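Two complexes follow with chain A in common, the first pairing it with chain B and the second with chain C.
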Partner chain A sequence: MIGVLKRAWDNFRGSGEAAVTVPPMDGALRPNRLLEEAPVVATAEAPDDLADGGRGVVFSSGSRLCRLTPEGGETIADLGSGITAIAGEPGGRLAAALASGSIVVMDGAGARTSIASLGDGPARCVTALAFASDGGLLVAQGSAKRAHTEWKRDLMERRSDGTLWRMAADGANQTRLAAGLGWPLGIVETQDGRLVVAESWRHRLVSIAGGGRPEPVLADLPGYPARIRRDPAGGYWLALFAPRNQIIEFVQREPAFLARMIEEIDEAYWVAPSLKPSSTFLEPLQGGAQKHLGILKPWAPTRSYGLVVRLDAAFRPVASWHSRADGTRHGVFSCLPDGDRLLAASKGGDVIVEIRPGFMTTSGAT
Partner chain B sequence: MASSETWTRWRYRYIPDKFVGEILSKSWIDTLIPVMILAGVVTVFSIAMPGFLAASSLSDIARIYGEYLIIIVGITVVMMAGGIDLTVGSTFALCNLVALLVINSMEVNLALGIPAVMLVGGLVGLINGVLIGYLGMRAFLTTLVMLILIRAVVDQGLLDYGQVIARGFNASATWEFMAIGDVFGVPSSLVVAVVIAIVGHIVLTRMRFGWHVSAVGGSRRSAYNAGIRVKRTICATYVLSGLLTGLAATFYAARMSSASADVGKGLEVTMLTAAVLGGISLGGGRGSITKAVIGAMIVLLVQNSLIRMGLSSGTSSLVLGLLLLAAVAVDVRWVKNRHKVLARAYVSPTYFRLPPLPETAAGSDSDYALNDKLRGVEAIGLGELDGPEDVIFDQNDNLYCGSRHGDVIRFFAPDHKRWEVFAHIGGHPLGFAFDREGNLHTCVGGMGLFRISPAGEVTKLSDETNRSLLSIVDDSRLRLADDLDIAPDGKVYFSEATVRYEMYDWMVDALEGRGNGRIICYDPKTNSSRTMLPDLQLPNGICVEKGGQSLLFAETWGCRITRWYFDGPNKGRKEIVVDNLPGYPDNINRASDGSYWCALCGMRAPVFDLALRMPDFRRRMVRKVGRDDWLYPNMNTGCVIKFDADGNILDVLWDLGGEAHPMITSIREHKGWLYLGGIYNNRVGKYRIPGADPNWTSLDDYWGERA
Partner chain C sequence: MQPLIEMKDASKEYRGVPAVTKVNFVLQKGEIHALLGENGAGKSTLTKMMCGVTQPTSGEMLLNGAPVNFQTPAQALDHGVVMVFQETSLVPSMTVAQNLYLGDESLFNRIRGLNIAAQTFLQSLNFNVNPTALVSSLGAAHKQMVEIARAVRKNVQVIIFDEPTASLTPEEKRHFFALVERLKRNGVSIIFISHALEEALAIADRITVLRDGELVASDLAKNFDRDKIIRAMVGRSLSSSLYRHEAGQEPRAVGEKVLSVQNVSMGTIVRNTSFSIYGGQITGMFGLIGSGRTEVAKIISGVAKRNFFNGGEIHLRDRPVRYRVPRQAVKDGIVYVTEDRKIEGFFETMTIPENLYMGALAAGLTGSVVVSMAQMREIAAEWTKTLNIKAINANARVIELSGGNQQKVVIAKSLAQKPKVIVFDEPTRGVDVGAISEIHQFINRLADEGLAVVVISSYLPEIMNLSDRILVCRSGRVVEEFSPAEATEEKIMYAAVH
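What follows is the complex of A and B.
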């Protein structure tokens, strides 16, 4: 009863659950063009995840697993199905999750093990992988029901049936660490052995302690968090693949419109986050994104964005790298510290770029 | 179509939501609150007290009402100028005393006595006025101190002259008429009060002094900067208030002939309550005599009824005090939030369903398949222009276009590199057309229809049309004249995009999906305009056909082009020529081969088409989401289509990616080239039309070859 009243009141006031406001990008998240202007390391079609497999940096692009070389990338394996996440460990082992429903673990010698099931179902819709410090494998499943390709729909309906698993590297001893997550898209193990997960649909990072409820460590992000990586020098790197936008938050709370949009309109033209800047007039346009004198304003409302954030050891943002509404390096799902540089893979911009964080001191302002 | 959608369609057709916003945007809306309070008061007391509205009961209080009304007109003027007058209670008592002394005891002629009493009141007002207006003292404190001071004077006067007054009696018939007389049943004081209220209303709304008062109250600094003598105006309002209080006191003296210490006690609070209840803002600048009249009525009815219900005078004051508090609270919140309420309520979406979106994919066999014919068009005035909505050529091939700065710009032939400001109008010129004599006609957003002679002389032709019978917004004034064309007989047909939005909000009109625009005809013979076709969905481009009896017009949000016969055997007939365009048509112009060019200023997006079928969704969006984040039609891509008189699509020109011409609002063919304008663009584009007649000009096509 109280819940009903609260919902009615929130609806009237536009507060609480009914709020369509989005947090501003300010402070450490103040916009700049550093990601947009960062030097290109490799061009590849929709690079998704990055991993360090002991012998150089590996990235995934479609169904291909590629190694980053000074000239760009070379394919090391084609796994036959879309790769949804990869993970590496310094010992040379690599793990890759496939959209077809399995996780492939390769050791340094090239031997492959396939993990086909997760819990009592197929290992499908794996959104993030990480090797734990004890050599085990951490697996995040975006949704127990939906396929990975249906992420947009899952996001718009604000589902939260994602799970987090721990298992041995051969798939044995599977334990479910958490359930009811809103599309967990990144896993990181902290110095003291806690697990922190990027709960993308809820715009926050949560800490998973054994059995307890997920505890937010960073909430109210202005975008959808994706992969998170620990920096050997301390702190963390977080990629956010799309910005939050008032109209998207609004449509999420309009069940009738949402249902008809999903039913009647091609997914590419939805009012939904996107990985690329708008390229066709069939996509929706917001008033502030109207071009004047041939120019799209960088601060225009946008459904795609590029954002990499540096977090300190307590998960507080300290600096950020942006590609704004008028840029192209959008849809960054993953970043990876590699020596004194940081690599960021822009899935929407089809490039992998390098950031030299040493050039950046504090707030990200130029 | 789902049944719920049918219901939505009927509901939005027959329940005109837009009236709410339109009524809220009227300046008289402030008066509606006191009217409602009055209605409430009357209802409550009619139920609580039988006979409340009986004539006898009303005539009793009408006499007191007259006196109140005289005072409150003065107070209204003071408050409109941003001040407050608390002295009225004491001034009233003082004037009552003086009136009894001068008129009753000394039996001075009324023609001298009444002005003398008023002068006493005026003098008190003058002291207030000098202190507040010229010395800049706080109105509240000053008039409060004066209230106490004058009260002391009155008490002293009562001691000194109490005996004298008690013995006085003026037997003049006029004095008696003032006390108990009436005109056709209306008490004398009320008759005078009504005259004063009418004069006050005229002064406040129609005359210089009233406008100065409102200006000073609205913004003292701006009034000063505008050259208004602020100090004198403020001083005058207090003097006026004093004079009127004096007059009211005379009526009171005639009626009661008593000078007790209670006279006028608490009157200032009563009057203040009345004024604020009526909706006269304490902050100044907002108010009217009407509001004062209603406010006084409410207070008097409440006061009187409470007494008749047997409440002690203390309780009655309590109720009045609470009323004042409530009224002040409402006043503060209303003034602060009024524009927010309006902004949310004004946009009123309605149901509109477009047929399924035609295919536009490249390589498809659709008429509208994407291509990049407009890639690499030449640019004219790149970076120098701001908003060339339309482009036109004179007989010497000079190019004319508009700019957002309110200029008509002329680029000189033959290369169109050098330019000058041909004429300055002040508003953004949109559509252009030349008449037979070589005068340039243009529609100017926010201003109307203008003519520019070849020498650059600007003449306003029309800025208003006939007002329609049932519209709430004033639709006689032209808000957004858009495109025009001239018929062979010299009549100018022009479109007004919308009557509900101003020039820079025109895209918000898309969220409504209603026919808010119209086509108007200006007749040079009578020098007047008349609305010909109302309720069109952003009528935009207009092109008179070669036969001279019909024109084609584009409805931007309706995505269609319609032919309308304004003359000849088919006069009055309307027929759709092109329907279900993939984008939003803008200007239409003739092509050299007898067909027509039309610019599509934006393209349809499936999501927006769906939103048009869900008006509730759009209304909630306007209320909840920030303005820059609203869904709009996609205006970042445009194209050009060519169609013939039967509506067959002959060609389509795209600029893939929209780098150079994100939005195309107009096209003009001239000597084998097609020129492209755009209301948000920084250039005019120039495209070579393959195989077009290199000698064809629009001017010759309309008015024939010149010698």
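What follows is the complex of A and C.
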């Protein structure tokens, strides 16, 4: 009863849950152009996820699984359906989730095992995969109702029916570790064996421990967190695929407007996060009012952005790499430490870039 | 040449404690004379003797060669000597125009005529103040402008300014200096008390330095430089590097995000501003007067309230907070050290221990419903020692302290509340260089101990010296962030203005 009254009061006043507020990008998240200026190591159509498969770095691009080479990338497999997430382990095993509703596990010799179901249904919205330290597979399902391609709709409707699963690498012994997650898009196992999940729609990282409620370890991020990776040198790397925006959060809280927008307008032009910078005047408010003499200002309001964040062992941001409103390396879903460099896949920019973290100061300054 | 004012062996004691000892001071006609010294050096006491606020214990004063002994400021004013005080003496419930013409009213006054005359006069001084505004609604800078205008209006032969530029913006300062030059050309003599040494060197004809109530140096301004003045003022050299990165100091690492201010609005003063405060760091906030920096600090600490509807969110360690009164913020560990110490900082007629105890009482740290004198003494002894508060005795009233020591009491009162987040608003306004150095060291120590520290200042060197990150406010919002290494005065000022 008190909760109902509080929600009504918050709706009336625009506070609490109903507050349309966005945390600033400052401190360690202070904007720069380091991601925009990072050297390109490969160009590919919408590279989504990165993994270390023991024999080099592997990335997904559409339905193709590619290996990163000094010349760019070479296709190692075409899985026939859009790849939504991949995972690798040093032993050479690779796992890839497909939009068609299955997970394919390949061993070092190329033998494939297919996992067709997740719990009671098909695995058609797998958003993240990771191999656990015990050799099992960790699987995040973004939504119980929506397909992977319907992520915008899921976000705008503020759904939170994502789940996290643990299973053997052949799909046996499936255990649901958590439910009610807001589009879990990244999984990482910490040094002490805890699982930390990037809950994208709730803009936070949560720790999943033994059937209890997810505990936030980093909350109120200024963007939508995607894949998270542990750095062998300590700490973590987090990719955020789009920025939060007051107008988007306002639209999310206006059901009538939202329903009409979803029904009547092409998804590409929704007031919703985007993976690519503006390319047409039909897009709403992308760079609105901040374009002077044909030049888009970097601080313009934007629905797409590129952001990679370095976290310390306690999941506190210590440095960040940005591609701002006037940049092109947007929609970064994944990053992967590879020796002394960090690779970041920009789905909106169709490139994989490398970052040399040694050139970065802790304050975020260039 | 016949001096306009001459103080001969002037001494003043308070309760047997000497404040000024045998000072011989000379002011020539048409001269701008800067009077410098640390807080408690005796500058204010000396000038108060000149304008009749207080009388010398021994010695004499000559005005145009004739001995005078002013018993009241009114007598001094009749002889053409007036003082503009550091803490303004305006009537808060009256308008600017009414304050300007206070004491000169006719039997029947036409308010409109008064306002027009006041407007014309203020414009002639280049002071942008609304004559119909209540003084209580003005900020410190505007109050100072009214105070200066009131003195100038009297057509006097000597004006004594006590820290006139402390609360003025750089542009207002330029107007003020132009005004001082104009007064000088009209034959008015100016005594100018300031802690801004560069200002004294720039506009003064002669500089006199007091230390511990004694005159230690007096010479033409051209014979002084900054180091020489500081050595005379404090009897030692202070670190001359104003900028920490130039001194080879790295900014502190980013700590835990303690406070997140998101899209906070308050009327037209604070507009959709967002920023974060991190533990173990000093966050400097710079902005011109009216940029909303003080107001946002007051919203954070529960002194002011954001908009009722869609006023934004403040998260303290990821927990949304909205304080109705400062006490709630203090209990959560958020403390605001005011820029206007006389009005908001302390109870001036109460003693130092009583004021400090009030701080602990507000935070609910006293542990008893009955006032404990022993605890009060303990708190006072601890903070008096920690902050080196100089007073005649342990039970001195705060009104009897110098500006710097009053500021230390305000800081101590806030620190007695054991804060986790502390916001210093103009922490060294009206404070001498020695005390500034002490306060800066103390602020640095707080950040080293892990507190989240915010320093709001109009003085750019202070911001650049202290801050681990610098936020710039303009038109009610934070518009730019700099790291100390990349920040320059030009860049910060550009962000604050454009």
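In this text, the second predicted complex is superposed on the first by the 361 of 366 C-alpha atoms of A that agree within 3 Å, B and C clash if a C-alpha of one lies under 4 Å from a C-alpha of the other, contacts with A are read in each partner's own complex, and residues count from 1 in each chain.
What we mean here is this: a residue touches a chain if its C-beta (ideal position, glycine included) is under 8 Å from a C-beta of that chain, and two chains touch if they have at least 3 such contacts.
Values in this document were obtained by computation on a predicted structure and should not be read as measured data.
On the superposed chain A, the positions of chain B and chain C overlap enough to count as a clash.
In the superposition on chain A, A:E283 makes contact with chain B only, not with chain C.
When the two complexes are overlaid, the chain among chain B and chain C that reaches more residues of chain A is B.
Of the two partner chains, chain B and chain C are each touched by A:Q246. When the two complexes are overlaid on their common chain A, residue A:R30 makes contact with chain C while staying clear of chain B.
After overlaying the two complexes on the shared chain, residue contacts for A:A256 are found with chain B alone; chain C is out of touch.
By the touch criterion defined above, A:V318 lies against chain C but remains apart from chain B after alignment on the C-alpha atoms of chain A. Of the two partner chains, chain B and chain C are each touched by A:V20. Clashing C-alpha atoms with chain B appear in just one stretch of chain C from the list 21-29, 129-137, 381-389 or 489-497: 129-137.
Residues 14, 20, 246 of chain A touch chain B in one complex and chain C in the other.
Of all residues in chain A, those touching chain C in their complex are 13-16, 19-24, 26-28, 30, 216, 219-220, 246, 316-318, 361-365.
Remark: chain B residues 360, 386, 507, 583, 602-608, 610-611, 614, 617, 620-621, 624-637, 657-660, 662-663, 680-683 touch chain A in the complex.
Within the complex formed with chain B, the chain A residues making contact are 14, 20, 245-247, 250, 254, 256-257, 260-261, 264-266, 269-271, 278-294, 296, 300-301. Chain C meets chain A in the complex at residues 251, 253-257, 260-263, 274-276, 278, 308-313, 315, 318, 320, 322, 468-469, 471, 478, 481, 483, 485-486.
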